[in-house]
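Both of the next two complexes hold subunit A, though its partner changes from subunit B to subunit C.
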Partner chain A sequence: MNQTTGNDGSATDTFAHVEDRRASSGIDRDLVNIVAVFALSAVLILCSRFVSPALGSWNQVLTILTLSSFLIVLSFGQGLVILVGGLDLSTPSLVVIGGVLATVYGSDGNAFYVLPIALCVCALIGLVNGAGVVILGIPPFIMTLASSIFVASAALGLTGGTPRGNSPEILAFLMKERWLGIPVVVYFVVLFAIVGWIVQSRTTLGRRLYAIGVNREAARIAGIDVGLTEAIPYAISAACAGFVGMMLVGYSDGATLRMGDSYLLPGIAAVVIGGSSILGGSGSFVGTVGGAILLTTLGTVISAIGLDQGYRTIIEGSIILVALVLLREDLFSGLRLRNRKA
Partner chain B sequence: MSYAASLATERTSRPTLRLKRMLSGGAAVVFVLYLAMYALYAWFEPSALSLYTFTNLMNNSAPLAIAAAGETMVVLARGFDLSVAGVISLTNVFMAIYPIEGPLGALASLAICMAIGAAVGAINGFLVAKLGLQTIAATLGTMIVCQGLSLVFLDAPGGYVAQWVSYELTDTLFGVLPISGLIVLAVALLWAGFSRTNTGLGIYAVGADEQAASLSGISVTATRFAAFVGAGILYGLAGFMLSAQTATGDPNAGESFLLLAFAAVALGGTSLSGGRGGILGSIFGAGVLMLLQKVLFAAGVSSFYTGMFQSVILVAAIVLGNLIGRTFSKGAVR
Partner chain C sequence: MSEARMASVECRGVSKSYGATVALEDVSISIGPGEVHALLGENGAGKSTLVKVLGGVVEPDRGTMSLTGEPYAPSSILGARRCGVAIAFQELSLLQNLTVAENLCLPKLPAAKAGLFSRGRTIEKASQILARFDLPLDPEEAVGRLSLPDRQRLEIVRAFSHGTRLLILDEPTASLSDVDWLFRLIENARKAGTAVLYISHRLAEVRSICSRATVLRNGRSIDTVDLAGADDNRIFEMMVGRSAKKTLSTHAGKPKSSGAVLSVSDLTTDILDSVSFELKEGEILGVAALEGQGQRDLFRSLVGLEKRRSGSISVDGKVADIRSPKGALASGRGMAFLPEERKTEGIFASLTTASNMTLPVVGNVASFGVVSRSRERDAAGETADVVDLARRYLPFRISDLSGGNQQKALLARTVMTGARILLLFDPTRGVDVGTKQSIYEAIRQFTEDGGSVLFYSSELPEITSLAQRCLVLYGGRIVEAFEGDAIEEQNLVGAMIGHREDSAASKGAYS
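Here is the complex of A and B:
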């Protein structure tokens, strides 16, 4: 008897929550958030002129865009995983795998088939993550943490600690050349952002991911193949991370086994700062791009001031916490719900 | 059946329930696994049965065992605490840059380590229990801040831990009992007492069914908060024991504990969806993981590949735990 009432209570609660979330994350609020993130980046770039005259110039803006390209690509995949209520902690290892595969096998003119194959390998690892989460029911962050350590350990063993080889030419071209005075990668990242936005917000797949993130059960009843759809973001995230590894190889002309480490937390931070709920089901890629640019700008300014990595890490963590507290879904709707109940 | 009713049944039929909980909690399973691992280790490395090797093993396992014990408290209350890595790094760095000599100095260091852990735990508890943030997200934030702080205080591995701490705490009592093992035992006994208090039972209740717990008069907020603070204190102790063992500081010392702590909890049979399990299982789970490293080393497997074995064991443990949970308590576990 009691059991039934309890269940009924929780069911109503779930629906109330969904309704509230829809009400609180209207277009206005998202838009305000995105504009704020971009405006903050712009202000930060302009203000950095006071720190050092070399900062804040047009060239500086291009450098920041180049540096943020890594984070933008990475956080697209991470954002999709977070959208369905997961978290991908395997990105650092996949950055390494992408970079290592590109340098070890892609150096001598066969990059045109090696790079796509390497991306497929990464996506396959991501699918394993997805399968672990969906089929075996392992919590996403534990599954991805485990596969991250597995992959890192494999990469360490296979390369013996030092990956050999150079960057394939095509990657060096992408990361180092300029076209009409603007780095090629800036064109690429603008294109990537547009395509990413379309995939997330304007395709059937994207909408299904939102549906799953908001309410998995409702999505299932609505006829979505939840299991398969939920696994896809993990594959995309892994492929994105692998590609970031290749970009890093093109940028610094070689792979190291620790090159992914510094991208895990900023990748998650960019998504959260961009206004996506860590619980899934809300946010847009445009916000994430803004978050990535803001974080990169912040990093550049902090290192220009001469602050250590430690302070940068503290600021990153604090930003995540502040963003979480400010963006709480239930901050306003929770109050409303309480009033309605009372 | 409501929680209050199940609590009543529990009070009347404790022994059978505890046996069932132990089986479904998997502490017995992991204990058998530990013995089997030890036998395997002794087979590869006959010196494994000597007191010296056993003391070494205890010293190596103690930090992880205590960290996993702390993580268990949060997991039981249906949460995940990533700050374990941050607190261990931070306390290790503290021990290395402010060494206080002598037994009283060690006591003072221990108190400060636990206070650091409690403070971080209180922040986690506030963010999660009071502000309603998701546990992973909130503790991810505090973990990053703690790691940043560690880097600010010590930007590269170095420093020396007080000699008294690094010598005495890795030694044996009366020449037979490893002190680190005794400290782990003390943690287990404290938990055995604590889990019978109202707060201790509350942690299980909140983890099993938050709504039912709240309806039967348990303060969910206070219980969650207590779980995080208790966990933080244990992470502080783990950082203290790690410093005694390594005798030096490393701002990234805690990183490797993140996966291993969860692996130990899962191996120990604590359900990752909360409400089922206990600290004893996690302690033996940690022991199994450390033994695994020794066995692989003794068998001549390159240390590069240790991570592969650890992650496979973690996943296998969770899958097995889910299966056991499903068979023992049909319907209760999703």
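Here is the complex of A and C:
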């Protein structure tokens, strides 16, 4: 038998050293994921030069950042909902209602109070989603899908089928103007990403959301007001979606009743590609931002190839699938599981 | 160590590393046919990894294994099972949403026509297994609805039904207070020539069932000893690498003050029946009971996790309507609850240890809602010292810690809340000797500083040495209360099995 002799202090020290290394590798895993997403975007942009010389230029990068601003804002809210183990399928309708409220009631003069009120209306709708999930115990995707239908119908009724009105000036300024040669919205989105990251990863609210997402029962036992806390992400998600509607109004100077449709799945995909588990309790907003940029880059490059819409969607879908398989959190958590201490 | 007879199971020089972490290094162990062999070691010594290697869950980096003389290298848990090797896992591995019968028969449910499985034959086969191993469970019951002890028994029975050559029992008694049933099963398996590897922290139990023991420390096999010829101190010494300091010291002093901080009167739930008692300032009040006598309900209803039918709870003399653990924290001087199941009710696996500890009071280390990492680290560090948790663990994910360190962190969480009443449900469940001492010390310190502790333990020596008073629950009622020197195992056991239940004298004689 293997009789160990010698002093035990050194054995313990060896072990301590080993464990410290394990801790640092834990940080690396998350970083690797985020770096991979951003690097993929960069590679895609560079490669796109081979498709068309117009692609890959500085202007092209700015355009991609502008276009990804919609997805970044949208997926912040969606990311928080996913963080607590939910899913928000009402985002397309809220994009529409946000845009419709901004064009129907907003004008250059009253935008300063109409837009905030409209955002509050959206948040309220989100709170109803949250209440349905928390109080009535309705599964999140059913609750949000149902409210999505209500909200879409309300938008239809409000506009009689064709939304009229133009974008308030402030929205056009946000989406179309440049400052020092860079679109205003790029500054905005950088700020939004920083604030979003702080909210999710550095605040007490964010901490509680992670806790609920990881282990709801333990969160309750630890003394967290799970019900109230869990409803908040739905309100934030709805407000984010409403704001995306307003951004779209500013970008295209008007609202349509279908303008939210193409954002539902990319909004979810950005979160998951960014390294969050679809089951909740993990991920970081920085990763989500990377995911949103990657998806937007992909869309831009593919549409530049000039294929038919049908093929384009198939290619886009396949690439998203591959990205999800390669970048998903489970892959890393699987490794982590095997890393478990004996 | 020379083996005259051929070993049933033999490992030679088994090593396993996960990246930089060495979990096992050059471990050798041999178990004869019909031998019950104990595997001892502190948490994190490598026991679980060795179990996983033997069970085909992980492949070793180096080393050889053999089973009755033939080379044995399972590539999966099913591969191991085909060779007659089965494990009853410490972290139960049953599928909660399936029935008892389905759990027993998986992965191969008895087939019916058209590739479907036959429900009738599944139940029939399961009933036979349950009967053979003397476990009276309804085969059609969903596993998720079973009590924890029943789930553990089912996990054990499933292992027995598959393990014909080597049976590995990893902490099989962690939630069983009645071990006779298990020992009968082991005895039968032993007679049938099955080799049994038995892992437990309870040395008394190990001594009564095992003949030899192999001690692991820091991933190495230290030695294999005949249990008859090795006293406890020698074994502790091999486990921790130094001689065990002191064992449990006896009764702590009387509580300083006699003011009741928590009084419960006529508390009645679905299981509890008019439970009344008082907890005083600076007191350690123990709860002793066989499993399933309402202790779980008692603790959970005190913090609002279980519905109260009637009765009242007063904290600091004021009636408190507690509906959630959050409410319990906010009542009077505050009550914090340490739950029964570390994994499902306690830890947040992907958060750091520090975040796990500060979570209930994370607002205290934040300004304007933004958490200050340095303040969090300092606050967590201070409390970590109280429960003897090394500060270097704080930035790790809590899931990377051993069970004992996780438990220390969870105890630290209840202390951090600032609550002056701690409700600790089996605080030393499945942790090693060293960790137990740290937990006892932390509890004592807490009460010496004027805190009050209500604790349940499945291990009687813990109650006899820690508690100043002790309540005995039986059938949802308090049947006896003991104080001071009267708290001794024999008295407790008598009350726990309920044989004094009908004697009128014992009722209402407490508080």
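A few remarks follow.
We adopt the following convention: the second predicted complex is superposed on the first by the 281 of 342 C-alpha atoms of A that agree within 3 Å, B and C clash if a C-alpha of one lies under 4 Å from a C-alpha of the other, contacts with A are read in each partner's own complex, and residues count from 1 in each chain.
In the analysis below, a residue touches a chain if its C-beta (ideal position, glycine included) is under 8 Å from a C-beta of that chain, and two chains touch if they have at least 3 such contacts.
Since the model is a prediction, treat every value here as computed from it, not as a measurement.
When both complexes are overlaid on chain A, the residue A:210 reaches subunit C alone and has no touch with subunit B.
Shared-chain residue A:142: touches subunit B; no touch with subunit C.
By the touch criterion defined above, A:177 reaches neither subunit B nor subunit C.
By the document's definition of touching, neither partner reaches A:169: not subunit B, not subunit C. Once the two complexes are laid over each other on the shared chain, residue contacts for A:316 go to subunit B alone; subunit C is not touched. Legend: residue contacts after superposition of the two complexes on their common chain; A:308 is shown touching subunit B, with no touch to subunit C. By the document's definition of touching, of the two partners only subunit B reaches A:154; subunit C does not.
When both complexes are overlaid on chain A, the residue A:281 reaches subunit C alone and has no touch with subunit B.
Touched by subunit B in one complex and by subunit C in the other are residues 2-3 of subunit A. Subunit A meets subunit C in the complex at residues 1-4, 8, 11-12, 15-16, 18-23, 25-26, 198, 202-205, 207-208, 210-211, 214-215, 217-225, 281-282, 336, 338-342. On the subunit A side of its complex with subunit B, the touching residues are 2-3, 6, 9-10, 87, 132, 136-139, 141-143, 145-147, 149-150, 152-154, 156-157, 160-161, 265, 268, 272, 278-279, 308-318, 320-321, 324-325, 328, 330, 334.
Chain contact summary for the complex, subunit C toward subunit A: residues 1, 18-24, 26-28, 44-50, 52, 58, 217-224, 241-242, 303, 305, 324-326, 328-329, 336-337, 339, 344-351, 355, 359-360, 362-363, 366, 369-371, 392, 395-397, 399-402, 413, 417. Within the complex formed with subunit A, the residues of subunit B that make contact are 1-2, 5, 80, 127, 131-134, 136-138, 140-153, 155, 209, 211-212, 215, 251, 258-259, 262, 266, 272, 302, 304-308, 310-312, 314-315, 318-319, 322.
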